[in-house]
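Each chain carries a letter (A, B, C and D) given by its place in the written order, and its residues are counted from 1.
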Amino acid sequence: MTRTTQSHANAVTTLIASATGFYQRGWMLGTGGNLSVALRDDPVVFLVTASGRPKGKLGPADFVEVDAAGAALSPDAPKPSDETLIHAALYRQTNAGAVYHVHQISAALCSTLDEAQGFVELTDIEMLKGIGVPARAVARIPIVDNDPDIPALAREIERVMNPEVPAVLIRRHGVYTWGPTADDAHRHIEILDYLFEYRCRLAQLGR
Amino acid sequence: MTRTTQSHANAVTTLIASATGFYQRGWMLGTGGNLSVALRDDPVVFLVTASGRPKGKLGPADFVEVDAAGAALSPDAPKPSDETLIHAALYRQTNAGAVYHVHQISAALCSTLDEAQGFVELTDIEMLKGIGVPARAVARIPIVDNDPDIPALAREIERVMNPEVPAVLIRRHGVYTWGPTADDAHRHIEILDYLFEYRCRLAQLGR
Amino acid sequence: MTRTTQSHANAVTTLIASATGFYQRGWMLGTGGNLSVALRDDPVVFLVTASGRPKGKLGPADFVEVDAAGAALSPDAPKPSDETLIHAALYRQTNAGAVYHVHQISAALCSTLDEAQGFVELTDIEMLKGIGVPARAVARIPIVDNDPDIPALAREIERVMNPEVPAVLIRRHGVYTWGPTADDAHRHIEILDYLFEYRCRLAQLGR
Amino acid sequence: MTRTTQSHANAVTTLIASATGFYQRGWMLGTGGNLSVALRDDPVVFLVTASGRPKGKLGPADFVEVDAAGAALSPDAPKPSDETLIHAALYRQTNAGAVYHVHQISAALCSTLDEAQGFVELTDIEMLKGIGVPARAVARIPIVDNDPDIPALAREIERVMNPEVPAVLIRRHGVYTWGPTADDAHRHIEILDYLFEYRCRLAQLGR
C-alpha cells in the first residue's frame, strides 16, 4: 500500500488547522507538541513543525521539510522540532500519512497512573473504535520512559509499538499517534483525549 | 398529534449547527455520535448523518435521507450512520421531530457508575425541568448494554424506554435523546450533560 | 443613591452579551437561568428574559418589560421568566441596576455540599474582592431551599439576603447575584463560579 | 544584556491579545489579574493594566505608563493596577520584558495544597522545559502569603524569588511570572496552568 501524501501547501493548511484546534482545547499549550504530514514516499519526505514555535499561532514559515533521517532538506530552513527523529522512526515503521504529538494533561496523568505496568489498558469503551480497535477488544497503549536522549527514545518507541493500537505514551510527557491520513491522526488525538479522560475520571471515582 | 418536520435544507442547517456546538464542547469528538431530523411523517422519512464523518466539520453532503426502516432513499447516497436503526426505532416509538446521540464523557462515566442497577437515578435537581421532568420527581434514565448487534440494541432500547424521560444511556458509549422538535433534542443534550456532570462530581465528593 | 438604569436598546445589547458569554462557559445551558436590567427607577421597571428561551441564541424579541410587581407592561409581550418575582424582590430590597441568575454546576454542587449548614462559607481567598468582600473577611452566601412556589421562594430569598454579600444560592438549582450596574452583576457571576469551583475542588482534595 | 522593550502601541496590542486569551480560558475572570510590558530600559518604564478593568474586554484606554517606582507618568492617566509595585519589583530584580499575573484556579489550589511547605515542588514532567527548567530537574515555585500590604508583599516576593524558576505563587490568590519577552511570559502562564492542573489532578488521584 502506498503512503498518502499532501502537497507542501496543503500540508501547511492541514497542520495549522490541527494545531489551532488542539491549542484551543489546551493540548498544545505554549510550544508543546509537534505535528508532521508526509509529502513524498519512498523515500519519505515529511513536513514537521519547527522547534520552539507557539502552537496557537503557527504560520507558513513555522514548518520544515525533512528527509527520512529527519534532516532538513534546505540549509535555510528553521530548526526542525527536537523530536523529529521520533517522527522519522514512525514513518519508517508504518505507512502513516501523518504523525501527531500533543501534550494532553489526560495523557500525562494516565502515563503516570500506569507507569509501573508500562501500558494503559482500555477495554469495553465504544470510543476505542475511533482508534481502530473493536469496542470490546483489549487495547494496550505502551508507555515509554521520557528519555532526554531523543535517538534512544525513538528506538524505544519503535521497540514497544503495538501494531494494533496507533499510539504510544511518553511518561509524564504526552502521546504520539499516527494514521493513514492527517484526518485519521487528528481523529486519533481527539479520541485519545476522550479515552484518557474517561480512564482518569473513573480512577478518581475509585473504579 | 402530528410529527414536526423540517425541509431537507433546514434540517441540514439545523444538524450542522447542533453538531458544531456539540463538537466544540467535546461531545462529538472524532466521528463520534449521530444526529437526525424528521423530514416527513406517516410514514416517517428522516435525515441522518452519514457514517464516519468528522462531526466538527460536517457539510451538506454528509447527510442521508432514510425511510422508516432506516434504508437510504437514494442509491447514490452515502452510507447512513451505523446506528440508523436506533433512530428508526425511536421515531417509531415516539412522535419525535429529532433524535440526537452524542458521546459525552459524563454520559459514559454515569453509565459505568450505575451499570449494575441498570439506570441513572436523578432527583431534586432544578435542571430536570429541562428534560421535561418536575424538579422533585424521580427520573430514571435507563442504561442498556453496548451491544455491537445494532438491530438487537435498537430492540433493547425500545424495550427499556421510559415514557417520562426522553433519554437512554448506552453503557460506556453515550446517550440518545429525542424531542418534539430539534430545538428540544438540542436542549436535552445540553441539560443531560449538566445532569451527568453534576451526578459524577457529587460522586467524586463522596455524596 | 439613585439606581443605575439603561435604555431598552442598551439593556437588550447588555443582556445578550452576558447570556452569550455565560452560555459559552456552560452556565446557561438549555433555557436555564434568567437575567434582567433596570430601565427606570421609582417605581422600578426592568427588562427580563422571556420564559423558555434558549440562552445561547437570544434575540431582541426574547425580553419583556415588567413593573415593580413583575407584571408585563404590554399585553402583547411574551411571558416573562417564571422567576421574575425573585428579580422584583431583589430590586425592591437593593439599589441594583441588574439581577443575574445562572445555573452553574459549581453553584449546584456547593449548594448541595453545604445544604445542612444553610450557607457556603468562604474566607481567605483573593477573589472575594471581586464580589466586594475583603479577601480575609468571612463571606457567607445563604442557601435557600428550591421551592417550586416562586412567591414563597422570593420571600425566603428576601429573608436570608446578606447585605455584605451580593449572592444567594438556591439548593441544587443555581445562584442569584445583583449589583449597581450590569457590569457588576456580570463580574459577580464570573467570580462566583471561580469561588464555587475553588471550594468544590478543594473538597475533592480532602481540604 | 539589555531589556527587550516594545513601543506603546505594540505593547497595547500584545497585552490585549494575552488578556483576551487568558480570559477565555478562565484565568482572568472579572477584573482579576494584571499584565505589563516594558517600554524603555535604564530606568525602566512599563505599561500596566489600569485598576479594576474587566480583562475580557480591554481597550487602549485601559493601560497606564508607569516609572520604575510604579508611579503613573501622566497626571491624566487612569489609576494603575493595585499591584503595580510588584511589577516594579520584578523589573528591578530581573531583565524581564514583561510581567504577567493571573488568577488561575489551579494556581490557587496548588498554593493551598502546599502552603505549609512554602513552595510547590515539580519534577520529572516534560512541560517544565516550557518555563526553562530541565524536565528532570526539581523546580520549586515559592509561595508567599497573600499580604494586603502591597509594598510588603512586593518585598516578600523579591526575597523568595528563585532565580531558576520564573514564577512566584501568592497563597489563595494567583501566580506571577515574567520573561525576556512578552511571548515568554505568555508561554509561562500557559505552561504553569498545565503544571498546576497536573499536580492537582494527581493529588485527587491519591498520588
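Assume a residue touches a chain if its C-beta (ideal position, glycine included) is under 8 Å from a C-beta of that chain, and two chains touch if they have at least 3 such contacts.
The shown structure was predicted, so the numbers you read here are calculated from the model rather than taken from an experiment.
In the contact between chain B and chain C, the residue numbers used by both copies make up under half of all numbers at that interface.
One simple way to say how far apart two chains are is to compare their mean CA positions; for chain B and chain C this gives 31 Å.
Centroids of chain B and chain D (each the mean of its C-alpha atoms) stand 44 Å apart. Annotation for chain B: residues 204 touch two or more other chains. Interchain contacts close the chains into one ring where each touches exactly two others, per the touch definition above.
Interface of chain A with chain D (complex): residues 26, 29-32, 54, 56, 103, 105, 108-109, 112-113, 146, 148, 170, 172-174, 200, 203-204. Of all the residues in chain D, the ones that touch chain A in their complex are 21, 25, 124-127, 130, 134-136, 183, 186-188, 190-191, 193-194, 197-198, 201-202, 204-205, 207.
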